Amino acid sequence: MHIGLIGLGKMGANMRDRLRANGIGVTGYDRNLEISDVAGIGELIAALPAPRLVWVMVPAGAVTDAVIAELATVLSAGDLVIDGGNSRYTDDFSHSALLATTGVHYIDAGVSGGVWGLTNGFGLMVGGSADQVERAMPVFDGLRPEGPREESFVHAGAVGAGHYAKMVHNGIEYALMQSYAEGYELLEKRSDLITNVPGVFKAWQRGTVVRSWLLELLVRALAEDPELQNIDGFVEDSGEGRWTIEEAIDNAVPVPAISAAIFARFVSRQDDSPAMKAVAALRNQFGGHAVKTAD
Amino acid sequence: MHIGLIGLGKMGANMRDRLRANGIGVTGYDRNLEISDVAGIGELIAALPAPRLVWVMVPAGAVTDAVIAELATVLSAGDLVIDGGNSRYTDDFSHSALLATTGVHYIDAGVSGGVWGLTNGFGLMVGGSADQVERAMPVFDGLRPEGPREESFVHAGAVGAGHYAKMVHNGIEYALMQSYAEGYELLEKRSDLITNVPGVFKAWQRGTVVRSWLLELLVRALAEDPELQNIDGFVEDSGEGRWTIEEAIDNAVPVPAISAAIFARFVSRQDDSPAMKAVAALRNQFGGHAVKTAD
Amino acid sequence: MHIGLIGLGKMGANMRDRLRANGIGVTGYDRNLEISDVAGIGELIAALPAPRLVWVMVPAGAVTDAVIAELATVLSAGDLVIDGGNSRYTDDFSHSALLATTGVHYIDAGVSGGVWGLTNGFGLMVGGSADQVERAMPVFDGLRPEGPREESFVHAGAVGAGHYAKMVHNGIEYALMQSYAEGYELLEKRSDLITNVPGVFKAWQRGTVVRSWLLELLVRALAEDPELQNIDGFVEDSGEGRWTIEEAIDNAVPVPAISAAIFARFVSRQDDSPAMKAVAALRNQFGGHAVKTAD
Amino acid sequence: MHIGLIGLGKMGANMRDRLRANGIGVTGYDRNLEISDVAGIGELIAALPAPRLVWVMVPAGAVTDAVIAELATVLSAGDLVIDGGNSRYTDDFSHSALLATTGVHYIDAGVSGGVWGLTNGFGLMVGGSADQVERAMPVFDGLRPEGPREESFVHAGAVGAGHYAKMVHNGIEYALMQSYAEGYELLEKRSDLITNVPGVFKAWQRGTVVRSWLLELLVRALAEDPELQNIDGFVEDSGEGRWTIEEAIDNAVPVPAISAAIFARFVSRQDDSPAMKAVAALRNQFGGHAVKTAD
């Protein structure tokens, strides 16, 4: 099998490497021609056997929109596009509809695993028709970890289901990280009592209820920097966490833990909190409580 | 009527003034003899007609414990002690039991109103026996605002009920402040659209669902400093907010808004968040996401 | 002054009455012809002096869209449309743009006050150009409560600012209600100690930090039904609360109290919680904890 | 080595079995004599070689207090008591002090692993002096899973550190469970799109960021009951989750995710929510919104 791969960033490049290592031919294209296999999308298309399979792995939103739009003009009936980026699942509906006008098929694929995917393999959640999913299975098998297919791959439903599942995955991920982080702070605040905080996390790796891959990563981080002295508590968030909250709102699903995780990230990036300035101002007004003045 | 008042801090001094203005004789004692009417508790007791009524208005916890313990040794059967401080309601049980050993009566009184109480009057929630509450009514009437008694005073139940009600009052207060503060930040963040943020709060004072006294205070604060530039988003919290959470936990009452208010204050006082350092470290481990290094 | 008013539901009918009582002529139109002054929008337009002022007070979303679209075809350059419904502020941009194509002006007006507005007056937050706001001021003055204009009316900014401010108002409102509700449950759970729960709320109306109009409404509700026995804990939510969360997410504003209020409403409407089924299933798996079986 | 084990409930019985399988002699005592090896604590003590090691595995609180008090009267200087139950860490201070009066040593051990511990081994967090921890190491090694000791065992600090670490472990556990549960509900609510919800969880077991042991348990639960139809969303909580919140409050640590998990459990057990009754009552008062009447 020989596929095209558009987008050779951190994730795309790792996927190309893993696929090739697993016997899938990959022609990669990236706007950065230094890392690209071909000079342009036209050349990429020409290099692929028909019917073609093109995996798109570029930033969600405008960039993915543009790539899909261009593919709609250069691909032919029977070709298949897989969007493996972090697109919002609602974008899949317009992308698949656009491609369908010229008979091009579409699959959305949520991909998890981060920088570890190259060696460990990537977890995959896909949406699309059964026959197209079956057709792309060699690619999925080339990307996912060893072991039973159903433990790292799911055909979650029709178009959109893959990215929806990935969005939920990331929402859960945010809340899991927040969970361990709150526990870390509870231990760290009592370092008078807990004299070996990294050791506690390390010891949770076997036998306990809280063991997980994220825990292992925290153990690694604490091995490198036991008091996290070299790291700022400044945390970005990405589209998928935010979309999770919006979907929850749309579907009347209470998500207090996931939203707590997002809000904590928002706060982490503030120099000062307008809300807390307002609370301080209120306390000052009714109680004559001293305020710290900004100076 | 002539009562003793122990503790002449911000609240106690205002209460003395208001009571005197309303025809109640008050002999005040404070450790700071410059503001005290008498030189010691002994002199205070001697100055009062029997059976005595002594209002205690000192910091909750150890100081109140000590004052109650001393009163237990100097007061006589039939005297009445009212603890008007912010004591935890569970302390009322031991304080009343101690005083009861020598026949001294006890009322716990939650007092709200802050520095505005002198002119506006204080809201009162009291716990104790019906006859003792009736006996102290002239004092309560001297402290509370004008208007129907039941709109500023409640006999909430037996000993402990006054402080429990005051604790809940403060828990609600925390959440109300957080509510307006979140709204403030939502408006302030869109100052491109909302070109008159103070004006919005000002306009909510009549006719709207959100009108309240706290809103009026926020209007005052924004009149003095329309962008709250001279105030830090650093907010203390006091015992009653924390006790509210603990009571909620003990009684299996979900209090997500009140706890959100407390947690926001905790965060407001942190230079950096250990929890968010842990989240940043995790993101760095699995995603190769850049971290801001503390330097 | 003589204006048109489209939509004579609970709010619209009250506004018509209040405006007329305050000397503003109102021709009202409603699809329900039994309560309508005219038979159709054409007749409404014909009844108004040019340049016309038409206040729209219909359900947000599709209905408002349709009314605005129709007005765009029947109004003339120089006329003014005010959308006083609970539209999302982003709808104001398209509505004003559509009307502007034929020279029709636009103001968005957030209106607060509920069923009490008829007697108390309505709080108003408006967005639009200064000259159009000035032009409509007699209408605003006719709707708002007595007292200084700036305490019940604000020109919050350009088009969209009125509905944005109203959205934030409602977000705050949700959180305020949740705050009192959590306090209510804390008191109610300890009815062994707090033997007069309605009395506690009643006593908070004067002098305390938590006094507000919502508190007064809770006092009324508890006067009618002291244990709220005749009311289900089933609470709807409307668009504005949800939009507040979405705006918060878009602007990276942490809103833990407002979101807690929304999530509590979501939960209140569930017969059983899928999330809690999952937690129960997990506890059963790892701990052998008994589960309640659905039967 | 030959130790005594008091308490042969679900956990204690499994621990006895695992220790014996790993070459540690165990004499077990339980009030239920049908499962006990001896008739009483006296007989248990007599059966042990001096200096003795007695592991206590009974319900936290009053029962543990009573057992420790009895052991204080029957053990001798140089003996060692290990409390492996879910005691609050502050209890360890009084328990160790009491035993120390007669020269008996004390270790607190947090034990994780649930019903799976018998086969998988138990994760262990202990507090105490280095020499006593060293002395008991054969027991710890007999209980913990295979693999490097530091991945399933930690000497976390002095007395109290083991139970503190276990408390935090359980707080994290609550929040992790809530995280997956919110994700489950987000998927389940969109079963129109996600046609294979159990398959999604199953596929997350390899390669993804959210893989964990709890995830595996959820996969098992969904394999048994794909829509969790036979399980009620009614979830108990235990002391450790509550203590985590209280410690967080005492140490000014914000724990929004952990508290969200606890509050969700509280709500899950309510037939109707007093707080939501209050919100419904408020909406009815100001907006004339219809309420569902309890009947």
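By letter and in written order, the chains are A, B, C and D; residue numbering begins at 1 in each of them.
Methods note: a residue touches a chain if its C-beta (ideal position, glycine included) is under 8 Å from a C-beta of that chain, and two chains touch if they have at least 3 such contacts.
Just so we're clear, the structure is a prediction, and the values are computed from it rather than from any experiment.
Of all chains, A has its CA centroid at the greatest distance from the CA centroid of chain B. One inter-chain figure worth recording: chain A and chain D are separated by 32 Å, centre to centre, where each centre is the mean of the chain's CA atoms. Centres computed as Cα averages put chain A at a distance of 46 Å from chain B.
One inter-chain figure worth recording: chain B and chain D are separated by 37 Å, centre to centre, where each centre is the mean of the chain's CA atoms.
Each of the following residues of chain C touches two or more other chains: 114, 178, 180, 182, 185, 189, 209, 214, 252-256, 260, 263-264, 267, 273, 275, 286. If the chains shown are joined wherever they touch, the resulting network links each chain directly to all the rest.
Residue ranges on chain A touching chain B, taken from their complex, read 10, 114-116, 177-178, 180-182, 184-185, 188-189, 214, 217-218, 220-222, 225, 228-236, 256, 264-265, 267-268, 272-289, 291-294. Listing the residues of chain D that touch chain B in their complex gives 209, 237, 242, 245-246, 249-250, 252-256, 259-260, 262-264, 266-267, 269, 273, 275, 286. Across the complex, chain C meets chain B through its residues 89, 112-114, 117, 120-125, 127, 144-147, 150-158, 160-161, 164-165, 168-169, 171-173, 175-176, 178-180, 182-183, 185-187, 189-190, 193-196, 199-200, 202-215, 244, 247-248, 251-258, 260-261, 263-264.
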